[in-house]
Each structure stands twice: as C-alpha cells, then as structure tokens.
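Below, chain A partners chain B and then partners chain C, in two separate complexes.
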Partner chain A sequence: MMEFLIVAFAATLIYLSAAHRFRVFARFMGAQGVLIFGIALLELNEMATANLVLVVAETLLFKGIIVPFMLFYIIRRTQVFKVHAQATPSFYILILNAAALIVSVVIAYTLQNPYINTVFMTVALYALLSGLIIIVTHKLIISHLIGFLIIENAVFLFTIALGNEMPALINIAMLLDIFVGVLIMGFFGMRLKPDTGDLTQLKD
Partner chain B sequence: MELILFFSTALLFASAILLMRNKIFTRLVSVLYAILLIGLSVHGWFNLNKTFIHYFTFSHEGMLLLSTLAIISLPTFYHGFRYTYNSTTRHFNIYHASMIALMTFMAGAYLSNSMTMLWVFVEATTLSVAALIYHDRNKQALEATWKYVFICSVGISIAYVGILLLGFIYGRYDAASLTFNEFSLLISTANPIYLKVAFVFVLVGFSTKMGLFPMHSVTIDAHSVAPAPVSALISTTLMNVGFLAIFRVFSLFSSTEILSFMQNSLMLTGVLSLLIAAGYMLKAYHIKRMFAYSSLEMMGLVAIALGSGKSGYYAAILLVILHSLVKSSIFFSMGQFKQVNQSYELKQVGNYMKNYSAGALLLLCSVIFIIAIPPSGIFISEILIFKSLIEQQQWLTFIITALLLTAVIYALLTRVLHILFSDASEPIEKTNTGEKINVIETVPQYVLLLIVAVLCFYQPPFLVDAINASIESLPK
Partner chain C sequence: MTAVLFPGIIVRAKSIFAGRKGPGLFQPLKDVMLLFQKGNVISTTTSYIFKIAPAIGLASVLSATLVLPFGPFPALISFNGDIVFFAYMLGIGKFFLIIAALDTGSAFEGMGANREALYSLLAEPAFFILAGTLAMLTGYSSFNEILIGLYNPDNSYILIYSIISVIVLAQIMQVENSRMPVDDPKTHLELTMIHEVMILDYSGFDKALIHITSWLKFALYSTLIFDVLIPVQWDKGIQFGLFAIIAVSLAVYIGFIESFKVRNKIGRNPVFLFTISVLALLAFVVVLVLTEKMILS
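Up next is the complex of A and B:
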C-alpha cells in the first residue's frame, strides 16, 4: 500500500510537469495532500497519538483541502486559467523532468541509509527537483507558487520518512507549512491580484 | 533566564507598539529596545560560552555579530524615525514593531547553538523583513516583497533538506535538538557523501540570506526598494545571519575529509558572486542597486576568504564585521540622498557636492571605505585574503579576484564621482517636498566610519581574541 501511494505521488509530479491549466494544478496539489496524508498515516504508526493527530490534520486539512481551496480562490479572483507563458516549451520540460527522475534515483541509491527507505528518498528528491524545474521554466508567478508548494511537499515527504525517529523535525516542517499559508494568503489572496502576470518592474 | 527575559520583553514591546497607536510611545519603546539589545550584548560578553535553555549559547562568533547588530541598532532606529516621519501612525507602528521583531529574530539566530533553532529564526526573519520592505506600499515594493518572500522560502526549504540530511546521519529522536558541539562529536563517523550533499543544500539554501550567488537576486531587488534604514539591515546584519549559518556548518564539517570540497565550493561561489557583482556594477543605473551589488561582491570575498583557509578565516570574520559598519553607513545616507536628489537613478542625479556637501562628503568617504582604501579597516581584511590565497598558491583565484575587484572599484568610483561633481545627464524637475534636511543626520554614519578607520590601525585584543576563538575549531 505504501509503495502504491509513493508511486502515485511520483505520477502526480510527472502530470504536473506537463499540465497547462491551473485548475489541474490545484486538483493535483489536493491529490498530493491526500496522498501525503495516507503516507503519513501508514508510516508514522510509532508516533505519539497527539502528535500523529496533529500531523494527520495538517496533511489532510491543510495540504489536502485548504491549499487547493485557496488555489481555486486565487484562480477565480485573478481570472488566470492557463499557463500561457512558459520560458521553456513543454516538451523540454518533460525531458528535464525525466532527467530529474534519473538523477533522483542515482542520488538516492548513492545515499542509502538505514534510517530512510530508498523509494521515499527517490520520490522526495524527485519532487524537490520537479518543483525547482517548474519555478525555473514557467513565467507566471502562480506557476512559481505551485513549484514552491511541490518543494514544500517534498520536504514534508523527507520528514515523514524520519518521523518515527524524529517527531520534532515533523513539527518544524509544519511550521514551514504555516509559513506557506501566510505566503499564499498574504500575497495572492490579499495583495497580488492585479499583478498575477510576470513581475518585471525590478530588473537591471 | 536572561534570554527568556529578552525575548519576552521584545515581544511585549512589539505588541505594545501595535496596540498603543502612538508615535511618541513607539519612539520611546524603540529606543528602549535598542538599549536592551546593547545590554544583552554586554551581558553576553561577560557570559561567553555559557548555554541557556539548551538552544542558545553566547559563542564568540555569535557575540561578534550580535554586538555589530547592537552598534547598528541605534542609528537604524534614528534613521527609521526620520524615514517614517510622514507615515500614518498605523504604518509607523507596523514599521517599528517589525523592526523590533527582525532584530530579535536576528539576535536569536546569532545565539542559536543548534541547526534547527537557527533555521527557525532565519525563517522568522523573512516574515518580519517582508513587512519592512513593503512599507512604502507601492507596486515596486509589492514586487520586491513577493520576490524576497518567495525566493527566501525556496532557499529556506532547500536549507531544511540539508538539515534533514544531517538528521539522517544521526537517525535518533533527538536529532532536531542536537547542538553544534554535540554534532561535532558524531561527525567523524558520518558518510562523506551525506556531508557533501548536506553542505551543498545548506550553502545554496542560506545563500538567500547571505546574498551569495546563485540566490543573490532576491536581496538586490529588496535593497533597491526597501526604506534606506531597512536596506542597511538587509545588507549587513541579515546577510550576517546567512553567513553564520554557512560558517557554522563549515566549521562543523571542517574536521572531516570533505574540507577541500567545501573550500572549493565556497571559492567557486565567491568568484561567481564577484563576477556577477562586477558585471552588473559596470552597467548600474540605480545607486541603491549598485550598492546592493557591492554587498554581493563583499559576500563573495567572504566566501573566497573562508575557502582559502588559514589567515582567510580571520579575514572573513573581520570583513563581515567591517562591511556591516560601512555598508549600513552607506545605506543610512541614502535616505538623505533621496531627499536631496529625489531619485536614485544615476542619470537623473548630479552635482551632489554642490547641492548638499555634508551628504556628498559622507558618500565619498563611505565609497573610499568600501573599496578598501586606507584608512578603511576593510583594507586589512582584503590584504589578509590575498595573503591567504598566495599562501595556498591559489594563483588563478588570486588573479581573477584582483581583476574583478579592479572592475568593481572602477565602477563605483566613476559613478559616484559623476554623482558628486558632474551635471545630471537627464535631470528631473525637483518638487519642493517641504522636508528639512538636517546635517546632524550624517553624524551616526561618520561615527560608524570612524570605528572602521580605528580598526584599520588598531584592533583591540578582545576583538582579535574573539575572532581567533571563533575560528579555533577550523584546521590551521
């Protein structure tokens, strides 16, 4: 079951790298949240109940429900529905993504460790690189935000892999999630609405 | 106990400012906070190497940077009062409450003795800086704030992956609370590949704060838009937070076989930072952006110094301190520069010496200090860096650094001399804002420059001892 969830998470990354519609991005971010919830539930079975409840609530509520809800809200407010400005064509993004997967496999196998499942590490690294690729290859700042959310999920996946041994690290990762909440609500929800295009006033 | 008192008082002060909505009260509390910060520094020097609440230690390197912050805090508040003079009470209070929060988080980061606690404080500084950069509430401020928060968040996430990799090495429930000292006992048994990957993640991640290549762009945009006193902090003490994070991991790993890998990585990052800085400074059109690139150049030099080893370690810490004093002085004077010239665009300003000689003289002195011409203490740091490069026979780095520094000096001098003595090539029509320019405002900057000048000729024994103690664990 665990392998299925992790592989499904990796599949969402491939789909996200090729997606063009922001509604698809929002739905898949929700799907990633639910998958991480499942992974957390199965993986963190040795964790203290109170902490586990907190983690489950954070993954299911924040990542699975609130984040996609906020993304849909932003899409409605900004009326930006499609990624109409990419710095790199989709074909090359897919190639880059495939390369990222290979690099992740190589690194994860090089860094084999008794404290972490190699598949976990592969997918977490792949998610990290996918997020960076989306940030670098897209021009719109909503796409950048999606990239950042993927990186944030990658970090959370890393922490879940260590969660039984190191619950404090999970709590810190949740702090990062709260930070993301501020980022999304503070800028997109409240202020950045008219400037959802690429921001180019400050340049050399 | 002392630190709990400091953090709770800071929280109380920031909350009181937001609740009271009174400018005089805010000024009073801000000055009290600066005195509190100075008091904490003095207390720290009397309690060196003592640990508080498990997570904080008055270490030598932390105290050096905390003291630098304490020295800069008073002029920062003073110039902040001037900058926000015409702001509404609400914006005035948000600005100063955020400033207190930022200084407190920076103090927390300097004194943290574990990687996770340091990371938490670094994350917290991003939020408080965002509120300060956004102070002017225009489109450019919004863009700069967004870029700052976004890129810093990405950097912080990447740095956290580096910290997690350290956790994998240890693999126990208390990994998050492990102090640097405790970690140093375990590090010799760690897999070097893990250490290398962790170092790269930490270096790239905290580069957002230190303002190093490849994450330098975030601070450049923030500098050009933020209020002048905020730029003074972002460019100095906040960069020092990033430096400290990288320095601590470098020190931690320096006893392992990856030392040369770290040194090469730092050297490469430093040279690339210098290259980017020199390139952009040669085509600079905006004076604050130009000085922002100058900060990139300085941090590049710090990275090269750390990478070169031996006397380079000493030079790196000395340079970080001196750069903080000089660059904050430059950015403080940018407030008056804007008042007089009503623009930061290089083409639109000129004859500054004629229009406002006190400010112009200060700008000239500051530039002489930043390009490391004696009596600038930075001269000593740069000499030590070159000495270290020669000792290590890093001839290529030596030549590239020397050439790039020459380009930086040329760029800075030509532009600043043009501002001081030539007519503006595209003059703008100045409007009378009714704001009075007070020569007294230049005094704090001269005091900061005086400290740097004294340190060129005489470095007091306690400073030398503190720097040497900070680099004690590094290989000789």
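Up next is the complex of A and C:
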C-alpha cells in the first residue's frame, strides 16, 4: 500500500510538469496532500496524539483541502487560467523532469545507508528537483507558488525518509511556510490584479 | 473476434454517451465488407510502394500477433528477444504506410506522414522502457517466459508495475491507432488530420486492409494489457471472461475519451507522448529501486 501511495505521488509530479492549466495544478496539489496524508499515516508508527492531529491538519486538511481551495479561489478571482508565459516549452520541462528522476535515484543510492529509506529518499529528491524545475521554467507567480508547495511536500517526505519520527517543530515550521506562501500569493493575486486590468507583462 | 467487435463497441459507446441510438456493433464490419467489393482507384503518380503498403501493414501486424501469448496459451512463435521483434514488426507496417503517403506526392499526405512518424518516434521509448523493465524484472526477453516469471509470488510489488503498464499501454494504443486525444479520426479538415490524411488516396480493397490492420492493433494491445494485468496461473475459463471485460472496457474508455475530451492541439501532442515515456521511466525506476537491482560502485 505504501509503495502505491509513493508511486502515485511520483506520478503526480510528472503530470504537474506537463500541465499548463492552473486548475490541473490545483487538483494535483490536492491529490498530493491526500497522498502525503496516507503515507504519513502508514509510515509514522509511533506518534503522539498531538503530533497525529498536527500531521492530519497539515496534510489532509491544509494541503489536501485548504490549499487547493485557495488556489481555485485565486484562479477564479484573477481569471488567469493557463500557463501562457513559460520560460521553457513543456517538452523540455518534461525532459528535465525525466533527468531529475534519474538523478534522484542515483543520488538516493549513493547516499544509501541503514538509516535512510531509499524509496522515500528517491521520491523526496525527485519532488524537490521537480519543484525547482517548475519554478525556474515558469514565469507566472502562481506557477512559482506551485513549485514552492511541491518543495514543501518534498521536505515532508525527507523527514519521513530519515526515520519514523517527525518533530512537531518541523511540522509547525512547514505549516507556517505554506500558510505564508499561499497568503502572499492571495495578496498578490487579489490585490494587484484588479488594479492592473489586463496587463500581464512588464512591457505592457 | 475482439478485432471485429472493438471498433463497433467504440462507435456504440460514443453514440450512447451522445444520447443517440447509433449504428449496430457490426456496422464497421459491414462497411469493410462493402469496401472489399469495390475496386481500387490508384493515382498515376504513385509507384509499387503505394500498392504493397496496406498488405505489408496487415502482414506486419499478423506477424507481431504470432509472438504474443494469450494468458496461459503460449505464443505460436517464441524466441529470445521476441519482445523487440513485436515492436519492430509494428514499426515496419507503420514505416511502409508513411513512405506510401510520401509516394503520392501530396503535400497533405506528406504532412500527415511527418506527424505520424514523429508521434511513433515519441511513443516508442515508452514501449521499450516498459519492455526493458519486464525483461529486467523477470530475467527473460521472450513474451512467453516473461509472463510466466512475471507473477512470481515473491514479486509483491508487481501490481504497481502492472497498473503503470496498463496506463502506459492504453495510451500507446490510442497513439498507435490514431485516436483521441492525439488524433481525431472523424475530423474533416486535412490540415488537422494525422493518420486519416495519410490514407486519403486509398480506396476499396486497400482501404479495407488498412481498417482491418487498425482493428487488429486494437486486439493486439488489448491482449498485451490483459497479459500484463492478469496472472497466467489463473483458471483458463476465468481468463477468457476477464479478457472480454478488459477489451470491452478499453473500447468503452476510448469511446468515453472521444465523447468528452477534445483533441490536443498539435503542438501539445509531443508533451502528451513524452509524458507517457516519463511514466514508463517511473515504472522502470520503481522496479529498479524495489528489486534493489541497481549497483553503484
């Protein structure tokens, strides 16, 4: 079951790299939240009630429901539906993504030791690189936020890869990061867009 | 039987989704029978390549069928590397159809041939990565041996690989048979056609052969998906029932896609195709990591 969830998570990264509609981004971010919740629930076998509540709040509630809802809200308000300003064509982004997958598996194997779960390490590295690739290959700020959220998910997987415990402090810090990211995005999207009309580029 | 019924089920599914009564299951077969009774009209600008291409296409698909086992029933011909033979037999058929399209000298057919060649080129890595993964997983390179070794009780992770393979193979089937979302077989505008524009000059008997080749490819990919998904050790009676369910599900899936999705923009197709290859690469990495077959010194 665990392998199913982690492979499904990796598959969402492929589709996120190929996506060019923000609705698809929002849906896949929600799916990633639900998958991460499943992974955390199955993998973290010794968890205090408070920590469990925090993990549920962070993954299922926040990443799985609130973040996609906010993204959909931002998309509706800003009326920006498509990634029409990519620095690199989608085809090359996918090639970079495939390269990232290979690099991740090689690095995970190089770092192999009894304390690191290789499968989680591979997918976490892959998620990290995928998020970075999305950030550097897209121009619109919403895409950058998506890349940032993917990196947050990667950090979550890293903590699982390194053991069966997850310090509450890391959880809280990550929650704050996501909250600030989405909040800033919402601020940019909803405050700036109405004033700029249909201007989409600096040269306009 | 699957090949004959497959296009009929697609058409029927599409008509049901659209709320129409639609034609019967055997309508595509009746259309082909009608084409068989008609004579060929061959352009004077074409050479012998144009005449032999449909027959070679059909022969290549039939040859590929010979190496493909059906569940517990072994393939008629089996040898090491027949998985590569399978892919290249399908490739030969496509190659002849492409050069036949170029042979007509039509700008439209040349454009269609160009697109078909590009899409086949992009879909091929996905198939070969999957095939390579199968070979690595089982240690064999022949379909017969691979399928016996695939569902080894030790391979608890095989279901993950099977599910990814089914997704990838179903999408390759759509590409190889020029269906949505890569190509729209019902389009009437030559500029947006891919496969249909390549066979515009064909008529009568030759066109019937091309249609039958396409149906056989559907049956071939359905069998491949069935082989990967269903363990050979299961009861033979159940296997026939499951094959029927899988084939009908695939036909309904294609009908569903063609009813509710629009065709990709031509420029988006390479991205769609490469996504399939990356998904196959993921299957490869999953098997590599889970079987611990990677060695870094």
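Throughout what follows, the second predicted complex is superposed on the first by the 164 of 204 C-alpha atoms of A that agree within 3 Å, B and C clash if a C-alpha of one lies under 4 Å from a C-alpha of the other, contacts with A are read in each partner's own complex, and residues count from 1 in each chain.
To be clear about the criterion, contacts are C-beta pairs under 8 Å (C-beta built on N, C-alpha and C of every residue); 3 or more make two chains touch, one makes a residue touch a chain.
All values reported here derive from a predicted model rather than from experimental measurement.
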State whether A:F158 touches chain B only (first), chain C only (second), both chains, or neither. first
Looking at the overlay, does A:Y109 come into contact with chain B only (first), chain C only (second), both, or neither? second
Could you let me know whether more residues of chain A are touched by chain B or by chain C? B
So in the superposed three-chain picture, is A:T118 touching just chain B, just chain C, both, or none of them (first/second/both/neither)? second
When the two structures are overlaid on chain A, which partner does A:A57 contact: first (chain B), second (chain C), both, or neither? neither
If we overlay the two complexes on their shared chain A, which of chain B and chain C does A:M2 touch? Say first, second, both or neither. neither
If you stack the two complexes on chain A, which partner ends up touching A:I14: first (chain B), second (chain C), both, or neither? second
Just chain B (first), just chain C (second), both, or neither: which does A:N97 touch? second
Which partner chains sit in contact with A:H144 here, chain B, chain C, both or neither? Use first/second/both/neither. first
Considering only touches as defined above, state whether A:A48 meets chain B (first), chain C (second), both or neither. neither
On chain A, the residue positions that both chain B and chain C contact, one per complex: 110
Please give the residue numbers of chain A that touch chain C in the complex, ascending. 3-4, 7, 10-11, 14-15, 17-18, 20, 90-91, 94-95, 97-98, 101-102, 105-106, 108-110, 118-119, 122
Which of the residues in chain B come into contact with chain A in the complex? 116, 119-120, 123, 126-127, 130, 139-140, 142-147, 149-150, 153-154, 156-158, 160-161, 164-165, 167-168, 171-177, 191, 193-194, 197, 221, 224-225, 280, 283-285, 289
What part of chain A is in contact with chain B in the complex they form? 107, 110-111, 113-116, 128, 132, 135, 141, 144-145, 148, 151-152, 154-155, 158-159, 162, 165-169, 172-173, 175-176, 179-180, 182-183, 186-187, 191-192, 195, 199, 201-202, 204
Under the touch definition given earlier, write down the residues of chain C that touch chain A in their complex. 157, 159-160, 164, 268, 270-272, 274-275, 277-279, 281-282, 285-286, 288-290, 294, 296
